[in-house]
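Shared between the two complexes below is subunit A, which has subunit B as its partner in the first and subunit C in the second.
This part shows the complex of A and B:
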């Protein structure tokens, strides 16, 4: 990142205080404020730092096998990163599974680099103390799909099946509050407190929501992956924790991604 | 028709294309197995939470749109189980009710064992004209007493619905605060007071 970008990030950090002040006033809607905010930093999302860190990780030999990820096949052929995210999740012949970005990165890190899976999944999300490698790698990969049309396939029977299972999980009510994803995300134009909720059964909502993740969270000062987004919604749903990159989370991602097909991928995004 | 429009339309159609009734029950069973396998206990949120009761299972299966006869039956069962206060008093302290209504805490894996749960009411409802950070998943409850036909009627209506909203609409999006034991009888009374007391901000 060059000097001018660095200073933009400083600008972002100082703006975040005034953003908090705006939030307290509460007379502008959340979405308006985020739109204003986006405009202010249009060409300087701090997620760029994670994209760069991820690219570095992608190209640096690591793990017991001292290999890079440059032969990793994300669906477009070994080493092809451009446009890969816009077609994920998808069926992979070698693993005979439908995989989302994070689970595919896991496959590459374990097979190419020889890093034990438990080591990666122990702490898959970044914290204030430590950035997660897999999260940075994901941010790098998604950045290479910016501007590319979402085209997630349902051709393979397993892809169709994942979509169908994902839809069933979306409506699965359980826990002390009887919540499902559908409780918060199957009605249009509703919000929780001041946070607007996308209706994932409506194409334009699904598109806007899906194509803006992963995202830099201003309130947390961290770039968050899509797996993190699902994890935190399950928390709000009062569910137990979904296992990282598990079939349940991949199926759910398939359902949401297909509903977002046709839109240009616009991430990594920027969120409150 | 231009190409962009056609593209948009085919994409919109693909949203609703489901599988041909390809053994839907197989997929139900498969989904259940995946859910069972792919979650783990975290803090107070244990995997047992994923076991559905009859109502949760029905609402999930029918995507919240259960057939009418089943809906009536489910609601009857829920209604029968409402515990009305033994002392016959339905209202408590609206100030305590307002605090509960404001609190969004409770029962996530980041809450600790024994931490008191809030009501989360403002997450989903407008309640007073002074609190503007309210959600809209539920209807506005502003001026509840007046809207629901005066004190006595409104009290009973509010108590029943806070205790178990599913007794009145099987797949309502509101938690069953009394039925599940999220809130105590005394707390529900405080919330009823918030909704009906003429001095409460709800009715100002």
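This part shows the complex of A and C:
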């Protein structure tokens, strides 16, 4: 065996080891890595800061009436926050409407605190410059349902109606791209950029998706509410921007929430 | 004065594990705002962890550390009920100290 043969053997060996290394790398999918990353920082979810801010807002008198939100009825009685989110959206007798968390908070802020609705809905989402109060409040309330099973009712006819409208919106194709929510969210194993998209026809997917929102978005450095999630989905479909806490968004939330029934609420979550 | 941190400290088999989540914008000074002007640098420069008055960790942070930094470290010793305190100083001279009792 001469020298060149020896070096060839080495070359083959080193190639095969690097192929093996590549194969092992390939076994770990991007979504696994994201899951790993989430696990690593699960104890350090900055959404907790938003929960703290929301709790402070909940208990601090505000608005022309100088009232706190401690009498706000989220469906479990005045001031009861524990587990409220796991049963929302629901029908409320006083407003005679099905309301999701944010529209209900809007009702409380306008009636109890006397803050004009336009003032709240003008800029309902957080930005780099300014955090949104209603978003922080929502983060606080959802945190109080952590570990509680989702149990959204469909008993009231209005609740059933909202569910059916939500379902229609989910499958409704329109806009310049002829898009529907279902275009991306009714097939398994599809993704946007690096992110696997949940298939809402699969119960496990639907539950995992719904129970991890609202969430802190690492790429944006902000906690995002469910209304924001839907708003951004519509934007990505090139639909007209839905009005904050509008009936359409509540109906769609109802559809998604009912599909998540039975799963433990796990938010506020953490997203890339 | 900065915003409060979230600190968890738990002792297991003679080793205390501390998890700290700091609330800070950590602006690099290289990013432009909506008005097109640079957002001034604003980041934590020093972090210090103390246990019973003894420094167990000292760190220098810079622009490359993310917003709302998360820090996890372990040190030998510690007993339930004893205090761990974390402090940071940022480049504007602002500082923050928070304390937590170790849990078993």
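As a convention for this text, the second predicted complex is superposed on the first by the 242 of 272 C-alpha atoms of A that agree within 3 Å, B and C clash if a C-alpha of one lies under 4 Å from a C-alpha of the other, contacts with A are read in each partner's own complex, and residues count from 1 in each chain.
Throughout what follows, contacts are C-beta pairs under 8 Å (C-beta built on N, C-alpha and C of every residue); 3 or more make two chains touch, one makes a residue touch a chain.
Because the structure is predicted, anything quoted here is derived from the model rather than measured.
The superposition on subunit A brings subunit B alongside subunit C with room for both.
Contacts of A:78 after superposition: neither subunit B nor subunit C is touched. Looking at the shared chain after the overlay, A:46 reaches subunit C, while subunit B stays out of its contact range. Applying the stated contact rule after C-alpha superposition, one finds that A:173 touches subunit B and leaves subunit C untouched. Counting the residues of subunit A touched by each of subunit B and subunit C gives the higher count for B.
Of the two partner chains placed by superposition, only subunit C is touched by A:221; subunit B is not.
Once the two complexes are laid over each other on the shared chain, residue contacts for A:243 go to subunit B alone; subunit C is not touched.
Of the two partner chains, neither subunit B nor subunit C is touched by A:114. For the pair subunit B and subunit C, the model built by superposing on chain A gives 14 Å as the shortest CA-CA distance. Shared interface residues of subunit A (contacting subunit B in one complex, subunit C in the other): none.
Contact residues of subunit C toward subunit A in the complex are 3-4, 6, 8, 19-21, 23, 33-34, 66-68, 70, 72. Residues 26-27, 154, 160-161, 164-165, 168-169, 171-180, 182-184, 186-187, 189-194, 197, 201, 203, 235-236, 238-243, 246-249, 251, 258-259, 261-262 of subunit A touch subunit B in their complex. Interface residues of subunit A, counted against subunit C in their complex, comprise 41, 43-46, 48-49, 52, 128-129, 218, 221.
By the touch criterion given at the top, residues 7-8, 11-12, 14-15, 18-19, 27-28, 30-31, 34-35, 37-42, 45-47, 49-52, 55-56, 59-60, 63-64, 104, 107-110, 122-124, 132-137, 166, 173, 175-176, 180, 182 of subunit B touch subunit A in their complex.
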